[in-house]
Each structure stands twice: as C-alpha cells, then as structure tokens.
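First chain written, first letter: the chains are A, B, C and D, and each begins at residue 1.
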Amino acid sequence: MSDDLFAAVVAHTAVRQQTDDAAIVAAVLRVEAALATVQERVGDLDPDAAAAVHEACGSAADVDLAELARDTALGGNPVIPLVAELKRLAGPHEDAVHRGATSQDVLDTALMLMSRDSIGTITADLDRAVSSLGDLPVGDQQVVGRTLMQSAVPLPLSVKVDGWRRGLADAAHRLRSVAAGLPVQLGGPVGDGSTLGERHEDVRAGLAHELGLADAPSWHTMRLPIADLASALATASGVVGKVALDVVLMAQSEVGEVREVAEGRGTSSSMPHKSNPIAAISARASARRTPHLAAHLFAQMEQEHERAAGAWHAEWSVLVDLLRATGSASWWMAESLGSLEIDPAAVERHR
Amino acid sequence: MSDDLFAAVVAHTAVRQQTDDAAIVAAVLRVEAALATVQERVGDLDPDAAAAVHEACGSAADVDLAELARDTALGGNPVIPLVAELKRLAGPHEDAVHRGATSQDVLDTALMLMSRDSIGTITADLDRAVSSLGDLPVGDQQVVGRTLMQSAVPLPLSVKVDGWRRGLADAAHRLRSVAAGLPVQLGGPVGDGSTLGERHEDVRAGLAHELGLADAPSWHTMRLPIADLASALATASGVVGKVALDVVLMAQSEVGEVREVAEGRGTSSSMPHKSNPIAAISARASARRTPHLAAHLFAQMEQEHERAAGAWHAEWSVLVDLLRATGSASWWMAESLGSLEIDPAAVERHR
Amino acid sequence: MSDDLFAAVVAHTAVRQQTDDAAIVAAVLRVEAALATVQERVGDLDPDAAAAVHEACGSAADVDLAELARDTALGGNPVIPLVAELKRLAGPHEDAVHRGATSQDVLDTALMLMSRDSIGTITADLDRAVSSLGDLPVGDQQVVGRTLMQSAVPLPLSVKVDGWRRGLADAAHRLRSVAAGLPVQLGGPVGDGSTLGERHEDVRAGLAHELGLADAPSWHTMRLPIADLASALATASGVVGKVALDVVLMAQSEVGEVREVAEGRGTSSSMPHKSNPIAAISARASARRTPHLAAHLFAQMEQEHERAAGAWHAEWSVLVDLLRATGSASWWMAESLGSLEIDPAAVERHR
Amino acid sequence: MSDDLFAAVVAHTAVRQQTDDAAIVAAVLRVEAALATVQERVGDLDPDAAAAVHEACGSAADVDLAELARDTALGGNPVIPLVAELKRLAGPHEDAVHRGATSQDVLDTALMLMSRDSIGTITADLDRAVSSLGDLPVGDQQVVGRTLMQSAVPLPLSVKVDGWRRGLADAAHRLRSVAAGLPVQLGGPVGDGSTLGERHEDVRAGLAHELGLADAPSWHTMRLPIADLASALATASGVVGKVALDVVLMAQSEVGEVREVAEGRGTSSSMPHKSNPIAAISARASARRTPHLAAHLFAQMEQEHERAAGAWHAEWSVLVDLLRATGSASWWMAESLGSLEIDPAAVERHR
C-alpha cells in the first residue's frame, strides 16, 4: 500500500525517504554495527564476533519489510525482530549481537540519526528560500504596511522582505543547533549501563563518536532531545507559515503584488484562467500540521519509570510526521520564493 | 517506499487499507461515476455520455499512482489529474466527465465515503471489545477502588468492568451517529450549484442517495462534517485510552490483577521472563495520537471564502491519520480485552 | 488580583461571571442542597437534618474565597474545604452534609450546571449573530467567489451569507443538544453508589431531576460528557472563526466590501484614520484558543481507576477557558455582524 | 470577580502575580518611561518633555483597571487606552508620550519583561526541586527497574534519582537561556522604525539596555521569541510531568516506595485514612496544561503582514497561562520532592 497522494502536497520532501521503513532499518543496522565496532575497540568483543555482527548487519539490509512489520506488532517495536534476525544471521556469534543493549537504545539512537539527516534536508531548503529572497528585485520600492489587514503607512519593501529572510535564517539556525546536539542513547534495559560492562561510559562515548552524535547520559524516559526537536521543527514551520501567508495575501486577485510563475503548477480543474500560488498554499498547509504534532511530543514526555507503556511508542511516527511536515513546508517555501514575481505597479498602486 | 514498521504499532487496523492511495482513487472514481449516473437520470447527460464516463472510471482504476502523485503536487489535489485522465479516457465524451463539479466536491465526498467505511471497521472492533468484556468471569468479586492511585474502598469488579463496557459502547454509538449523517458535497467551483444546472439540488440529492450519504447544502468551507468526525473519533480514542490505562495499571508487576495471554505477543528482547501487556500498551499509544489530530482539524475550520488556501489541504492526511489511530486503538483494545486473564487471588489480596 | 485586561479581548462574555469563583461556590452549594432535598424525599435524611444542610448552604454562600482558595491547594479540590465549612455550619447535623457523596460527585455536577448555563449565554449570542445576518441587505447582488484567495466566478451574495447563517445555526444546535444531555454525577468515593444507600439510583435520578440535568450512571473516570462539551464548543468556535475570517478578508483595504460601523470601536493609537474590524478580529482571536483547549480535554480522558491522579484536576480551568473563549467568540461575532455594513459598489466592482 | 479556586491547584505560583493586570500595567508603564528616557538621551525629547512622561507614568500606576479593561475591548489592546491616559496626564507634553511607537511595540516588550521575571520564579522553584533531590537518602540502595510497567532488573536508586535531577536542571538551563535572549520590540506602526527618527536603531538598542533585554530587529509578526518561550516552558513542564508521574506511581498503595509527608496536605473528604501525594498530583495536573498552550502559540505564528488580525491578540493570555502552568508545575514539584520520604523496606521488597 502507498500513501503518496496526500503526501504529494503536505509531505513533499526528501525527508520522506529519509524516514521510511528502509531508512529505519538502515539506521538500526548502522547503530548495531557501530556498537559492535566500539565494543571490539574497548575489548568487550573479540574481532571474530564483531566481524560476524558486521556481516549480519550487512545481510539484514534486505530483510523482508512486510514480515518485519508483522513481527513488530507482536513485540511492540521493530528492533526486537530485527535483532532476532541478526542473531540468526550471526549464528554461533549470536551473543555478540546487540550486546548489553536494549531495543529502546537502538531505536532512539536510530531516530536521532534519521532526525539529523532530515534536518540536513530541511535546512538546505530553508537556505534556498533565504537565497531566493536575496535575488528578489525589491530596489528602493515602498510597499504599504498593513496592520490588522488595513492599509497603514508605507515601509521599504526591502524591510518587509528582510523580515522574512531573517526569520527563515533564524529558523535554520535553530534547527542546526538542535541537530548538532542530538545525543546517542545507550543504557541497557533499565538505563544504568550495567549490562554494557564496567566501561559502559566509554562504550557510549565511542558509539556517539562513531555515529557523529553527542554523548550524553541515558535519556530513555527523560525526553529532552525529542522536546528540542519538536521545538525547533515547529518553530521553523511557524516561520514558513508566516511568510507563506504573506505571499498568499499579496497574491490575492484584489492585491496582485506578487505571483508564482512556474510551468504547469497551480492550474484549476474548472477554471483554466486562474493561476494559484500553489507552492505558498502547500507550504502553509504543510506548516499547519506542526503545532499539534509538537504538542503531541511534549505531551508524551510524561513517561513511566525506565520505559514508558505507550508514550514512547506514540512518539515515533509523530516525530517522523513532524520532520516530513517541516521538510515539506521548507521545500514548498523554497519553490514559492524561487518562482516569485513582484508586480511593481501593483505595489506602487496600494501604497 | 513503505511506512509499515511504526504503523504496525500505532496504525494497526484495516482502516489503513481503507484510506490508502488505492482507496482514495477508488472513492474518487466512485463519486465521478455516481455523478454521471445521476446526471443521466435527471436528463443532464445522455446515455452514451454517461456510459463513456462509467467506462472511463472503470479504466482509470489502475491509474499509475506514482504519476498521479507527481501531478497532484502540481495542481494541489489528486482530483485534478484524475479528472484529466478521465477526460482523456472518455475521448469525445470528455465534456461529460466531472460535469459542473469542482475538485473539492469530489474529494470531500470521497473522504466522506472513506470515513464511513473506516468507521464501520472501527465500530466492529469496539463491538468486539464490548463483547469480550461480557465474557470476563467477574462473578461477584470485589476489587479495591483506587482514587488518586491510592487504595480507597472496594467496589464490585462487575461495576468497574461495566464502566469500561458502557464507555466503549457509547463511543461506538457516537461514531455510528456521525457516520450516518456524513453528507455529500456538491456545489461546483464556488459552492452555489449553478454550474450543475437548474436541477442542481436534485442532482445533489441523487448523488447523496446513490452513495448512501446524507444530502446537505454545500459545506465546502463550513467544515462541520469534519468537526463531527474529529469529535467522535477523538472521543472514542479517549475512551479506549482510559480502559487501556486501567489494564496497564492492573497488570503492573506489583498489582498483577490482570494479564494479557497471547501466543508470541509481548516478549522482550533483553528480558525473556517478562510478559508485557503489549496490546493495551499499543492501544494507549494509538489513542494518544488523537487529541492533537482532532485539534488540528478544529483549527483548520478557519477557511477562506469559497475554498481555503491551505487549511483544506491540511485536513486530508490528518483526517486519515485520525481514522487510522482510532482504528488502531480499537483493534488493540479488542485484542487486549479478548486475551485478558483476571487473577482472582491478586484481586482479593488488594481489596 | 484581576485578569480583566486580556480577557477584555479573548474572554469578553457573560460566561466569565458564570464560571468564576462565586459561580463555582454557588453551584457546589446548589448541588449539596439538592442532594439533601432528595435524600430527605427518599427517607435517607430526616427533615431537621435536611433543613440544617439547606441552612448551612445558605450561610456558606458568602464564604471567604481567599481562605477557600488556600485550603483548596491543601486538599486538591475546592469541595473538600467547602464541605468542611458546611459541616461546621450544620453543627449537630454535620453527618447530614454531603451524605454518601465524594468531592468529585459534587464538583463534576457543579461543572455541568455551570456549563449548561454558559451554553445558554453562548447560544443566545449565536442566535443574535444569525439574526443579524438575516437583516443584511444582500438583495440579489452577486459577489465574486474566491477560491485559494483568487477570484473565480460570481455567486449570489445571499448564498454566501446563507452559508454563514447555516453554520452558526448548526453550531448553536449542536451546543443545545449537548447541554440538554449533560448528566448528573453521583457515585460516592469509588463510583458504585454503595455509600449512598440501597436507593442510590433513586437518589441520583432525583438529584438529576432537581437540578434539571440528565440522569446517567457514574462517569467519574469515563469522561464522555467532558468530551461532548469539548466537541461542541470547539466546533462552534470553528464556525465563528470561519465567518470572522471572511469578514476580515472582505474588510481589507484593497477589498472594502464590508466594514464594521460602531462608535468608538476599532480605532488605532498611532493611525487615527484607520477603522479596524475589531469585533471580527476579536472573534477570530477568541475562537483560535479553542482547538487546543479541546485537545487538552480529550487528552485528559485517560484517567486512572476510580479517580485520576492529575487528569481530573487538569480539566477544570481548561473547561472554563473553553466555555469563555467560545462565549467571547460568539459575543464578538454577534457584535461584528450586528455592525456590518456592505458596500454594494465594492462588491459589484470585484465580481 | 476572582479565579482563585481552580488556580489554587493548577496555577499555584507567584507567576500569577507577575502576570496579572497590575503587572501588565506596571510593565507597560515601565516601557513607556524607559522609551522617554532613551529618547531624551539621544536628543529626540527635551528634558521637560521626558520628565512629563515619567511623571505621567508614575501617576498612571493606579489607573482604574475596570475602566481600562472596558476601553481595551474598544480598541483591541490595553496599550491604546493606557497611552490615552498618559497623554491626558502629560497635558502640554502629550506629544512626548509613546513617541514614534505603536501599541504592539509596548505590549510585546512588556510581555518580554513579564516573561523574564516569571522565568526567574520558575527556575528558582526548579532549583529548589533539584536541591531536594540531592538531599534524598538514596545511599547505595537498588530499586527495581520497571519497563512497560513490568519489573525488569534492578538499578541503583541513585541513578534513577539522578535522572530526575538532571532533567530538572536541564529544563531550568533551557529556560534561563531563553530568558537571557528575550528581545525588546520597537519598530513603530509598520515595524521599519521610521517613525522613531533617524536614530531609531540607537533608540531601540538603548531601550533594550535600559530594560535589560536583548536588542533585536523588529519581530512584530515574526514571532520567534514567543516560539522560544513556548518551547522552553513546555519542555520544562514535560520534565516535571515525568518526575511527578514516577512519584505518583511509586506512591501507589501497592508499591509504597515513597510518600509525601506534609502537614494538612493530601487528606480526603470521604476517606480520612488516605494520604494522597497531592503535590505530585498537582504538579502533573499543572504540567499537563502546557503542550496544548505551546501548540496554540506555535499556531499563532502565522501572522498577517505588519500586524496580525487576531493571531497576535490570541497570544497574550495563552502565554500568561503557559507561564503560570509551568510555574505551578515547578512549585508543586519542589513541594513534592521537598516532602518526599522513601520507604527503604518497600524499595528492597520489590527489587
């Protein structure tokens, strides 16, 4: 089954591929392999065992996703059946697989990798939007300032556009800050690291280094990294929503100060004469998804003891949706601003 | 690409198939075909033209979904390219396709069909949960009442279970009421029906009858049917969340009054001795998605003029997610209650 | 301390007085008195005792609110200190006070009374808005239909206005339906009614009748009545938000099809020439509060066992805020539509 | 009218006083006075005029709040009537009042001052909670780790408590970072600063310095500072919610590992033998308010042009509620942890 049709509007971003089933499996396997690498390095695994884990991780890359999904439902998360498959593949070295770790360690760390990569995509699109704003021929034109949607007094169009630019750049900056601090999760079944041996802090630091994540004490039920992601993503989408709204308002037929010019985009099924600013509209629609997804993630912070009975599971697909929605908002924003034409006469007429 | 892994936990329901791309296309085609049927009946289409539309709808059932998704992004909704395809297929009768309708008419009506069918699945699962409660051997046992999570005084276990049963039954009742009132949408480009001819109210009533929906004036930007769905779905999930929480609390190791007994379900990757009430946990996780999805739909009610520039587009996938989350909550609830074992000694010990 | 300044915009409604501390105390006392009345009627209280309760309820009406607030914090809800005060006042008849009830019974029932009365205010304002729409001189004028904020084709202005009218009337209808079904809550400490004696179902039915509420089994942790309120209130506000947005858009300087004409309202501190549609703007601002308040109430449905450890307490002020926000949205809507002037020339110019 | 009763549970914090009407008026007057100070310094106001503004600000401190609230409704925000009052008080120097500023400048800056002060209160309570955790006699005791609410394997109680401590400290750190960066808002009617004269950037920097805020370009409709507050406040409440939930779960009658010991707190109206962890419960209830309040603020980022027609107004009381809810969560958390007793025997028994 596919969910591409509605996603074409509100999840229109490469982040979809960076967060789909194949990406989850790849990230989980990357974590399991890196764990073995580090455990070999500190002397917790001998080279043969580590090699067997690495080979198993390689072989599991083409695991049957439908079967994996079925088994995920039985255990409550996808790492349990993936680890079972790795153990099967590792044969005599099965004890070397997932040594001392718990499924939450691996899934949380995998989600951090996916989030970091997704933010790379999102910020690239925000950068593109910022760059397009720099190319707009605003000159020294004045545009009417509108307060409460009533004409007030004019301001330089460059000031208006610069407000958009600064907002988008600040949003990207916040996202990069959060991405740079995303931590590894490694604590074993109850988070104290004891199953990972005496050198468990070294193993954790090594794993962080291996994966390019920050090192941090176990946060299995203290979900600050998820809250940081929710905050920066909803904030970025909020900025996109503001700019997209201004574009849509300035593109109104009665205003006509801007329009999107893009081959084949924005036509109507019943009214061929219309030209809709479909990229700004899609950016708005995508951005609007995010406040409630962020609220959901904040609400799931209330997690029981050493692993939550539901709140953890409730995070995964919402984090994915939030990454995708912000990715889509950013992509459409870049498309909109990259195709924007200003009508200087209309701007002049209203001021 | 697939999104099955996380869905295995929080979208574990046949509603997924009832709301995926194939279901969207099928529902859209069903609406277009029914429109032609009714227009023929009132004399707006001649039989040849109507037959050509029906044939086109039949042929379009295997449309290339990837291509359709690509074109959806260009126009802002999936009906625009589907109608283009139907017109191509109808050849000389292309003017008979989608006659007088706008893409929102068709997509809104298709979403009503999909919602109604999904609610059929959801209520069947809720019925199953209700039925399982009736089978629990509660006898005349007393269970301790717990207020603020402190032991208070005992109450009959039958009263506690009956509270769950009544809640689940009431939730199903609310869903069925809403499903029975879901209306057709047909108003043409700006909602006044004028493009549908003088008999546009007859056409609309006929379309409603043909599809088994309620007849209602155009609600293209007055989104009460969406609000009704949001309300009943979030309410049903809220009830499931309450019952699932009680199950999880009663299954705590220190309480042990109930447990889920199901082959292969609820095992742990690192602690084989554990038995987790994974169905109740998954029900909780699924249910928790819904308050925020409902809020999103309420927030999108603020729609501009005769078609919203973003808020409409922002509804689609969230409505789908809400149907799926509630479907998943209901399915897991039925699984949990169907596999529930009471430990009378533990119940007796705590009272 | 007072919170009137921001409330002047987003809680501008008589519902504030219907839900403030004095209203809470009055409603609680009304419930306690009615309970005694019914218990006397069924023979659970002798006339002297019932009279003592009634007298105590009368005397407690001027309880010191600051002291009551302080004691509320100690026990976790305001009924505990109010009952203590009633017992003190009833002297030798103290056992007749609050007989067999628990504080949640009384507070939940009091909230139902307050909600019902508030909905009376809200629906009266919605009726006023509906009535104002009937007075608008729309004639047979055509207005341009706007889709995606682009001019499409004209429709009768009467059809546009009728869409608003129908939405507001339907919202009021949903609110009245919910208000008519709001139930009494009476079940004693753990909800089974046993502390209320053998005739507890008669007492409950009698209390419902006495207070004009519906009779229903205990819903102390099955919060369907709260969900029904959340649903109908957020839906009504959503409708107001849609109409208010259209007014604001039509009042834009570049459109000018409508304006609010009201002495002293809508002036600007820095730009005296401006006339802002401040009632529609305030309606929008008020309405926008509601989706998230409703989500909060749905999220609190997950309540533990026989009394929730937090989720119940988290409902109270949010329900109040939701009643006030919807009340404010409705009041401003009525003000806006009651002061609306159409500029037929502007309408004609854009079509 | 007062709203103290429900606030006693879910807004139990000195933040209430720091955000009430008197605090709003004081902050607005502080901004107006500081603006005059700076304008005198740069030479835009002569000393007599500045002195007249300062005197007017002093006299207006006891403005009639009820009258102010009434006039707030007419203009849409409280600064409009306050400025009118200041102009009246300044008599011949009325032109020196609010020179070049717009009401949003003053209200936004006032809200930043109030937020900063409130965060001072909140972080002091979080510090107190952190400190109490350091005083808990955890020794080298082992506590059972609980995953999915099932007993797993033991971990040191010190590790569990340290996870709470780190979370609360990190939450306070995030709040302090945001508070340190809260910016002044000063841009005049349309945000470009032109009405503030050629040295408007100096005036803005001076105002920031005078008030101890950060200097930043106008953010009148680019609401990143509001988003930053929403993020840090919801995150802090989320941490409190997690710790409070663990306390409530460990205090369950069947677990009994901790209890709150506080004179007069946590008693029951119907069951005198009970001892409820009412501080943790109230912390939970307070914290649960915040995800949806944050979502509301994120959703209001979509603001039109140079002043939003509703979304700005919709921010004010929600920001206040969010500050209060987080303040209340933090206060109750400190109370709970400060009164927490561990039962070592119970801890030992379950591991």
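We adopt the following convention: a residue touches a chain if its C-beta (ideal position, glycine included) is under 8 Å from a C-beta of that chain, and two chains touch if they have at least 3 such contacts.
Every value quoted in this text rests on a predicted model; they were computed, and no experiment measured them.
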Chain whose Cα centroid lies at the greatest distance from that of subunit C: A
Between B-D and B-C, the pair with more C-beta contacts: B-C
Centroid distance [mean C-alpha coordinates] between subunit C and subunit B, Å: 29
Chain centre separation (subunit B, subunit D; CA means) in Å: 39
Touching two or more other chains - residues of subunit B: 76, 102, 146-149, 152-153, 189, 248-249, 268, 271, 276-278, 281, 284, 288, 291-292, 295-296, 299, 309
Complex interface listing, subunit C residues touching subunit B: 76, 102, 145-149, 152-156, 159-160, 163-164, 166-167, 170-171, 189-192, 194, 217-218, 221-224, 227-228, 230-232, 234-235, 237-239, 241-242, 245-246, 249, 284, 287-288, 290-292, 294-296, 298-299, 301-309
Subunit C - residues contacting subunit D, complex: 1-12, 16-17, 20-22, 24-25, 65-66, 68-70, 72-80, 83-84, 98, 101-103, 188-189, 195, 244, 248, 264-271, 276-278, 280-282, 284-286, 288-289, 291-293, 295-296, 299-300, 309-314, 316-318, 320-321
Touching residues (chain side subunit A, partner subunit C) in the complex: 144, 146-153, 248-249, 251-255, 268, 271, 274-278, 281, 292, 295, 299, 350
